[in-house]
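Please find one structure pasted underneath; my questions will follow.
The chains carry the letters A, B, C and D, assigned in the order they are written, with residues numbered from 1 in each.
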Amino acid sequence: MIVEHPAAKKVSPDAAGKGRVLSPELRARIMTERGNFPQPRSALLGALHMAQEEQGYLSRAVVDEVAELLDLLPIQVQEVVSFYPMFHDRPVGKAHIQVCTNIACALRGARKLVRHAENKLGLIPGEVTEDGKYSVGEVECLGSCGSGPVVQVNNQPFIEKATIEDIDNLLAGKDVKREAQVALVPEGVEGYLLPPNGVSRCHIDDYVATGGYEMARKAWAEMEPEAIAEVVKNAGLRGRGGAGFVTGVKWGFMPKDAGKPCYLAVNGDESEPGTFKDRQILERNPHQFLEGVAIGVRAIRSNAAYIYLRGEYATPYRRLMEAIHQAYAKGFFGDNVYGSGKSCHVYVQRGAGAYICGEETGMIESMEGKKGQPRKRPPFPAGFGLWGCPTTVNNLETLTHVPVILRKGADWFKARGTEKSTGNTLFGISGHVNRPGVYELPLGTPMREIIEKHAGGVLNGRPIKAIIPGGVSMPVLTADKIDVNMDHDSLQKAGTLLGTGGIVVMDDSTCPVRAALVIARFFRHETCGQCTQCREGTAFFYKLLKRIERGDGALEDLDTIQSVTTFMEGATICALSDAAAWAAGNFMRRFRPDFERHIHEKGCPFPESFEP
Amino acid sequence: MPKITIDGREIEAPANAMLLPVALENGVHVPHYCWHAKLSVDGSCRMCQVEIEGSPKLVIACNTPVREGMVVRTQTPAVQNARRGVMELLLVNHPLDCPICDKAGECLLQDYSYAFGSRQTRTKEPRRKLQKRKEIGPRMILDQERCILCRRCVRFCREITHTNELGVFNMGDRSMLDVMEGQPLANDYSINTADICPVGALESKDFHHKLRVWFLKKTPSVCPSCSNGCNITVHHYRDRIWRMMPRRNDAVNESWMCDHGRLNYQQVGDETRLRQPQLRRTAKLQTVAWDEALGYVARTLRDTVRTHGAESVGVIASPHLTNEELFRLGQVVSLLGTKNVDTALVVGQGDNLLIKPEKAANARGARDMGLRPTAGGLNVAAMLEAAAAGKLRVLYILGSDVWKVADPQALCGALEKVGCLIVQDVFDSPLTERAQVVLPSLTWAEKTGTFTNVKGRVQQIHRAVAPRDEQPSDGEIFSRLLNQLGEGQWHFEATAVLEEIASAVPAYAGISFARVGAQGFALPESAGDAA
Amino acid sequence: MADNATILATLQSRFTSGIERSDIYRDDASVTIAPEQLLDVARFARQEASLSFDLLLDVTAVDYLGQQARFEVVHHLYSTKHHHRLRLKTRVLEKEPIVDSVVPVWVGANWLERETFDMYGVRFRGHPDLRRIYMYEEFQGHPLRKDYPKERRQPLIGPGSPQGNYQPAIPEIPGLTHVEGLLGAELMRVQLGPSHPATHGTVRILLDLDGETIVNADVQVGYLHRGFEKECESGFYYQAIPYTDRLNYSSAILCNVGYCMAVEKLFGAEVPPRCQFIRVIGGEIARIADHLLCVGATALELNAFTPFLYALQARELIWDLVNAMCGARVTSNFVRIGGVSADLPAGFADQCRAAFKRLLELVEDTEGLLLENPIFRARMEGVGVMSAERLIEYGVTGPLLRAAGVDLDLRRAQPYLVYDQLDFDVPLGTQGDNMDRFLVRLAEMRQSVRIVEQCLKMIPDGPIDIDDPALRFPGKGRVYGRMEELINQFKLVTEGQKPPPGEVYVGTESANGEIGYFLVSDGTGKPYKCRARTPSFSNTQPLAELVRGRLLADMVPTFDMINMIGGECDR
Amino acid sequence: MATQTVAVRRPLAMRAGFIRSAFAILKGLWITNRHFWRNLWGFIIRKPTVFTVQFPEERLVQPNAFRGMPVLVQMDNGKERCVACGLCEWACPTDCITIYPAETADEIERYPRVFDIDMSRCMFCGLCEEACPEEAIVMSQNVEICAYSRRGTLWHKDDLLVPVDKLLDTRLFHVRRGYDR
């Protein structure tokens, strides 16, 4: 899958040794990958991906060999292998069937698929059939919530809206239909993130035809970095990664002359259940994003951008790599771009299934080839980021806005959205709605409009029980808050946050304890395990909620949840702990009567609810 | 020097320092697990959270640089809640191992839970099961269930020994400490990981299930195993040493000591030790009273010097004795008038961390006290040669290092020929088999005195265990010999002898126990090692 | 009753310069005074009407090793009129630990100061007879000094002692008033005890007899001295509880209660109501046992054997109750810091009522056999009389003092636990002779029965412990299965309860009078100073005066009625 | 509630010595006779009212709370429950317990290689039981601990082991009452 990079420096692999398990070609590719980065260790994740593809799993021998190739100790490699869920250190089936069981997929019946597959194969998760052909795994969010349930076999493109028949076909070796996810610019909206409906603008010529890369040229050839940042700041563009920080200001934090190289790190690791927008950009409009990258690199006086893409995204990765090749071929990237005498390179790294690598410092660690454990601050990435150099981390969608802002001006941009939340964004809507999918809408669109108009209302016309407005790490809302506008300030007033704008709708059949349980399971699975509160607290919530869901809870357990949330909020290196606490705490607070019914009735009082 | 306020107290802190060490040095106890003075900051245990005025959230003191005018509070309800939270969550999965855990009694988890934790357990969930008592090295045992993942040990192996044996595998609550198969924790400093482990996850095999720590009494001392002179604390109970722990001294050993030195205490309590003086009247050595043995030695020495001259006596000193004892020995030597005096010293391997090649605690001290051949005197090899040639009639050997140093043939030949061999040592050895008189010696743990390390730092040792049967120290033996050889009333009291050294040895001018103190006293640069 | 602040203000207004420090900690008023002012302050405290500290409870010292003013001599005062307390502290130098004797103010200071001298080597200027009191004359050093090692062997004990030719030193008895008898004969010196069939208590009384008349008596205690305070100071707070059992071993629970209340006072903690009731029940049952022994043994020593058996039979019933409750008959070790060791057993109320019914019958029979008995009456009535004022001056408390008509019962004067909720009488004597003492004890037993019966009716449900791991072990069931509680158990056992630094005195009414514990905490798990002010010690002191001029035979009932408990007197 | 003082009632002054003395004698005889017949009757119906016990033929039944000598609880597999944690050794005021721990291959890795109690020093205070975090050492009903020598008062682990079901009805019942205090 790794395509040899145009900018890669050639490092010759040493002569094939004895007792080695990796093929010489692979060793050569790993050495090539190694040349992409200032430090050999950064090639580790890519090398492991390649090795796993070839070997099926990462045995001790593979680990030793990769370590040797990258000048590491086996333990450093093994730590990384054990950290990332996508790496297997024991054999898996030739077809490793992974079913997403997180909230959006679970609401759509993912559990039934898992059970079906397990029954059919007679397996429990983690086992491999005797012939070594199949194994089944549950995964936490594949990033396609709008088309749940989603199944992925090995690293192939997703099987979306999967059904039991799909599983049967899969096991029978037949072809499986692959239905695409809905991603639309609704009528009446002037979309600029997505190409016009039904159009895919993957080829560079299509993009250039619409005036693409013109702004990149302008940025490199005509503009000073400050000026770029100023325009973006004036536009009021806020980061689309969840925290909503003003992008122009962030670029301003970069030191003017650090004496070290600066880097732009692009966060394409969207892994939060409910969030599945970046994938649409990469699959249908990658060049606009790449142009944004080129402008971003210029804006921070850098000459290289590193894109961190989540590992499960097979198709987007392919599209992105193709786009990069096209752009290099056209000279939009490379040395002396646009005759500026400066160079601008772009590199892609693939994650390996760890949600925590979406956290900016976690991502930086991961890009350096380490476990994706967020760094303590200080020092901040703007001073000490990738490989110890000043680094700006931007979300993939954020950068996609940038060419448009430069092209059409800050005022044009500000005319969209609300005063403090400007521009369009991609709202992902999933769960119990008739038309789940991604919709490009201005910020501040009322939630009711998104659910009822664009997403076609709730399945079977049932009343709503709960809405998660911005990915599962944001506090849940009750149905009466449906009239809130989807912008930063309005949601904050409603007691939640915009996050990534991924809306998950749950109808009244949904058991909130189960929903909280599924989310708690996600955070338990995804915490990096560094800080005490987060490592132990997420697991604590999961076990506790499971017990309550089973009907063995006690009323004081609810108070325990409440008090443990106070231990977890704002007390750790990154915000994952806060998110886990908000999720569990807010479900418990806002649906306390339902929790109490579980305790009093010693079981789940929602017979029609989805299975967790 | 920024001024900060902690709990209402104004404190002047060094610039660029982190808050936690500043607080600790000023007696404000901020609890912490992952932070260690000698390791990099990890910031993951979250126990050291404190409140800082103007900061919306609590911050961890270990990773917060001090700023001028910073106002810190460590006792507010928010801080207490945070500490309670960390404690409760750390204990959610901790096994109920206190009764079988060697760390109980000096365990930070216990201390902080009692001091800051919640009083009652709220969790009813089953505890995490991981591997217990895994042998991860020749000297270390790992209990993964007890580990709280502070990663002090990981950082120790990464930053101090650079050996990287330990790692944390998996993610989230599945995280566990482990080693890689085939790469055990076997470095020369592995037991330090047990010291810095705040809980009982890493335990030294040597101390495993030996004694509850609250029984132990502690005496500060200096490691006797090489000339680095690592500062240690001897842990003893019922006149037996149970373990040795490094004692922090930034000028010598930071907070560490090597495994070899740490385990080198068994000889103190060894049952086969020499306890009584022995004299060879017939073919066999017989146990005699002290007065008789010393009388014999004094008589032999005096008569030999009188009849054959001082050059017919040779003394081989031991670099394991204290400065005070060696000084007394020097007085014996000068009273005899012989120039044939040298120190037998074993030289082995060293490393660039702590282990030094000179395998004796006081080699430098022996040189400084003048126990080396002066002009016209013989060194060890020459003495053996002279003895083999029958020129040396009495050989007084202290310790058995000479057996490891000298050419075996030359030594055997010398011992065959020498008229009277006096051996003063802790154990039986081939030397004692050939000796005319055997005087038992005391080990470092049974006496008080000073050692001078290789860098010229004079450091104190203290009596940790009482010698059996009121056995005299080597210094006492020399003093009694002096009494018998000459006039005057010699006593051996380390404080007084050090005062004598202060006035007699120029390099040690002005030294006293008070000046040596707990952290030692560096001899002036000009007093270079004469080696 | 004046409050603490008023007391301190009164003293301060009178002594502007001599008072170095005054403070109130946990409701205890204490003043530190300059050594040269001690006698004046003492006199003033005694004579000033608004203070009138007529009762000197205790004199002791605290050894602050390492400080220049090393010894702190501590006096505890009580006013029988106002029922308030005061602690006087005087710092003396290590080099010359001398302080004025307060014997001129309170004659009872005599033995207390001798004890302080014996234990700490503090000398009292103007003391009439500053001899050792517990240790023998040959003893080297002062055992309660902090630098005296607990393990140290002395020449007369242990291996290597010259036991073969040991001649005990015979102390000089001071103040011989007669050298010759009335009949012109030489006075005869008789040694009563230390182990005499007519004394229930190990004490040696040197008597100078003129015929059968006692001219002089020197009471020598200390044969049961076990170093109670040294033991307590070398162990944790909780480890001292079994040792308090062995103070007054015939009413151990009362000793436990006082000690635990003192530690709780150091913490500023209060036990739950059910615990307080259980402590009262246990304590009053123990009081009955104590009085039964005194009454029965007195009868025995006055040659009435049957009442003795009845009394002991009654006491057997009490022991059964104590046994069911505490698990041991004598050394109950029942009370804990912050609670009691166990709840009342099932059916305890019924067992109590049945036992009390029989017990009262037996007490009635004992009384019936004795009170009308002319011999008994002849030996008891009018014997051992001493005025109430003199008794107070000697520091006597308890039934002995109440028999002289003084209304001093701490359960009434300064109610603690739940005594203020209970209805009972305080019996007082009229003439202050041995008969009154006997009758007061009989009456008190009936009152104790009444108290226990009330308590059994009133006792509420609820916890029997303070649920605080700083004081009390967590419940066992929780220790076995839970982490925090297991840790708390470990920390508490290995480090002990750690009260905040400070000092308190708690006096409670034990069977023989006020048993008081003076604790000094330095914040560690071990008491820096653990002093027991025991009633028997002070009560025994006036014995010599009580029998002087009386016949030798009067010695027996008088000594019996003092009810000296060796363990309590000698500690 | 209130307390008040009352004066004790003293017997009337002795008058007419002989009559009152005679009365006292009669009263005494009446009381002692009552006791005599009562005791005799109790003896006949075999419900003795005297408290003498014919030891060793007869033994007292002690209450559950009774603190006899401390013993070690023996589990069903014949091993001690004790894991040699040393808390009892530390809590003991008289230092009568000596434990040497060692390692076993069992699931609980630690056991007492040596567990000695010097019964000549033990004062049956029960603090060891209270300190024990494992219900491994408890007080028993046994008080018969005499020996012919000082050495004999040193009880070793094997002597101290008592099967758990033998203790269940007595001291363990008592201890477990306080589990959830």
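Note that a contact is a pair of C-beta atoms (placed from the backbone, for glycine too) under 8 Å apart; a residue touches a chain by one contact, two chains touch by 3 or more.
Note that the structure is a prediction, hence the values are computed from the model and not measured.
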item	value
Most central chain, Cα average position	B
Distance from subunit C to subunit B - Cα centre to Cα centre, in angstrom	51
Gap in Å, rounded to a whole number, between the CA centres of subunit D and subunit C	26
Chain centre separation (subunit A, subunit D; CA means) in Å	70
Centre-of-Cα separation between subunit D and subunit B, whole angstrom	50
Subunit C residues counted as touching two or more neighbouring chains	478, 480, 486, 490, 494
Multi-chain contact residues (two or more partners), subunit B	88, 92, 98-99, 104, 214
In subunit D, residues with contacts to at least two other chains	87, 90, 133-134
Touching chain combinations (by label order)	A-B, B-C, B-D, C-D
Residue numbers on subunit B that touch subunit A, as the complex places them	41-47, 49, 56-58, 60, 63, 65, 81-82, 84-86, 88-90, 92-93, 122-125, 148-149, 164-175, 179-181, 183
Of all residues in subunit B, those that touch subunit D in their complex	98-100, 104, 132-133, 208-212, 214-215
Subunit D partner contacts - residues on subunit C that touch it in the complex	231, 235, 238-243, 245, 306, 310, 313, 316, 323-328, 331, 333, 339, 341-343, 345, 365, 368-369, 371-374, 377, 407, 409, 411-412, 419-431, 435-436, 439-440, 442-443, 463-465, 473, 475-480, 486, 489-490, 493-494
Touching residues (chain side subunit D, partner subunit C) in the complex	1-11, 14, 17, 20-21, 23-24, 27-28, 31-32, 34-35, 50-51, 62-67, 87, 90-91, 93, 123-127, 130-131, 133-135, 139, 174-181
Sites on subunit A touched by subunit B in the complex	60, 73-76, 78-79, 82-85, 354, 356, 371, 376-378, 524-533, 535-540, 543-544, 547, 556, 560, 563-564, 566-568, 570-573
